[in-house]
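Shared between the two complexes below is subunit A, which pairs with subunit B and subunit C, respectively.
For the complex of A and B:
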């Protein structure tokens, strides 16, 4: 049966799942912001690099991204701990997806806003910081929360690289207790309890935004 | 530290890589077909009057969308034999991919069908079309056209998700890579190579879907 010892082990796995999600999402916000800015930059070569970055991460499995970073970093002379390599891969992955979401939001701000800012004599920084980005942020929130759910679920793939987060902890407990349905049912329930409130929040924001922009 | 990369020992296993790629594409296409069937069936239930059916479909969609695919595939892998169903890992993977993609397809297709104004249906009936013709030409085709881009990106996602099937030892590109890695110890080279292959597969899929769209939906919007 699943005793207190197994539950404590799953609990430690859960902590790692939450930590990986938090690191990946925070890193993704910082670098995704840069990717989004590069993607709408006036410089053509910068737009191209950002578009390529996004295309690669959206066109390959997250599992491969984890493998390539995990085994590639040591070749570049870095030897991070396992969680560090996973965190780097998740951050890069999140930067591409968030960058693309925010690119869409920035471009969804009506063009008249940019023209008005130009007419008022605002430079690039003021135009972005005071006019475009605040409006884009509001537009992008539902999709950003949707991606947070994707990322949280995505951390489970670290299990295949061998890192002990919630899913890998579940695999180990399942192998010890011979109760796969009970263990994976429990693991699934934990993920569901984490993701479902976020999904609902995202949907509520989407409905409110739709109502606000319909007028 | 000088790193010697050796792609030669990986690339000389090209027949296996080709077979693995074909298996991945097959897995993806089978998963898409099942997902589409589940998606259309789910929307049919949601548009029907059966309250229990509504609750079951809604719960299915929420559970699938809010849990990781890896946990789903493990659960199905262990649950099916207990239910007396013995499937090989590849078929199990197709079932898991279809169920997962189906939940997303239900949400996407429902949105498209709901966006068709009821006036269109009434106009079709008033013009003397049979209900089946109304459904086919006035509801389904425009709905599919409007949701096509979302459905395609979901299907590309599904294609990339097939790599997770390696966790239950289904035969596909990632499991082939793990075998080559085990023989050659050229871990980075193997995974880098198949990452490039996955990129080409997803680009190929996108091109295919674009070609389908040009043929199937080539009629004026207004």
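For the complex of A and C:
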């Protein structure tokens, strides 16, 4: 049977899933912001670097990215704990996807806004901070939340490098209790309860945005 | 340099290309301090291009543009100086939708002129009152009519206390009943002595305020004259055809 001990074990896995998501998302926000700015920079070489970064992480499976970082960091002389390697991989992954989402949002702000800002003599900082980014952020919220859901589910891949988050914890408990259906049913339900409200929130924002722009 | 001092904007032999497309050919134009110029011509003749070159929204291929003694080059400082001194009003208003009317007007003085918030707000309220929209200061652009939005855009430009104003078809996106309130605002500005270059097909406005009317076709200035002579006695066949069409539509 699944007793309190097993539940506590699953609970610890859940905490790690949430922690990894939070780390990946936070790191992704910080670095993704830089990637997005580089992607729309007036400097060609900076745009190219950012485009390359995005292409690499969007063009390969997250699973492979986890492997490369997990086995690659020690080769470079770093030996972070498993969660550290996973956090680095998730952050890099998220920075590419969020960077691309925000690049699109920045470019979706009508060109007249940039022109008006130029005509008023606003410099790069003021143009971005006061005029473009606030509008781009609003436009990007639905897709950003959509990616958060993806990332949360993506953390389950950390199981492959032996890291005990929710999915891996489920595997272990299922092996001990011989109740795979029950255990994975429970785990599926937990993922669903986390992701579904987020998806709903994203969808609501999208509808509200569509209504606002149709006005 | 004395004697040229009252020339505020000077364009000499300006050539502009979009890729291979030759958009402005040998454009020469001088605008004296306080002068009001109306620029007209068929669609695609380069009117917008001309005024957008003056504040470097477009870069030119060759020739010179000098604004109030500052030569416009690729030097960012020269560009900043000129943009600070020349206001622009667009056909589509281009107000910042996420800011209130007041914030729209305060932004550039705060960020570019670096004045205090109190001073920026006082300036904003002064010019909002001047365009008779002071009571809407806390609203967002989307809550205003087109004519009101365009008047806010004029106030926003005025808050930088420019020495000249560029207008790119400021009334052509407006419903007919709102055209007059915007033109009246522009007439008020003209009467206060503002130097203005207006791209517009409002010929009544041109007659009333313009010192000179300039006609462009295919990237060239084809003819320019005082409004009376321009309308009564256009020299070029192209001008006559254009005026015939415009007046038939109005």
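Observations, loosely collected:
Heads up, the rule we're going with is that the second predicted complex is superposed on the first by the 215 of 215 C-alpha atoms of A that agree within 3 Å, B and C clash if a C-alpha of one lies under 4 Å from a C-alpha of the other, contacts with A are read in each partner's own complex, and residues count from 1 in each chain.
Everything below uses one rule, namely that contacts are C-beta pairs under 8 Å (C-beta built on N, C-alpha and C of every residue); 3 or more make two chains touch, one makes a residue touch a chain.
Values in this document were obtained by computation on a predicted structure and should not be read as measured data.
Subunit A is touched at more residues by one of its partners, and among subunit B and subunit C that partner is B.
By the touch criterion stated above, A:59 is placed in contact with subunit B alone, subunit C being left untouched. By the touch criterion defined above, A:121 reaches subunit C but does not reach subunit B.
When the two structures are aligned on the shared chain, A:77 is found in touch with subunit B, with no touch to subunit C. The part of subunit B that touches subunit A in the complex is made up of residues 1, 3, 5, 62-63, 65-72, 74-75, 78-79, 82, 156, 160-164, 166-167, 174, 187-188, 191-192, 194-195, 198-199, 202-203. On the side of subunit A, the complex with subunit B involves touching residues 56, 59-65, 67-68, 71-72, 75-77, 149, 153-154, 156-157, 159-160, 167, 170-171, 174, 180-181, 184-185, 187-188, 191-192, 195-196, 199. Here subunit A touches subunit C in the complex through residues 110, 112-113, 115-116, 118-123, 126, 130-131, 134-135, 138, 215, going by the rule given at the top.
Interface residues of subunit C facing subunit A in the complex, by the touch rule stated above, are 55, 57, 80, 83-84, 87-88, 90, 92, 94-98, 107-108, 111-112, 142, 156-157, 160.
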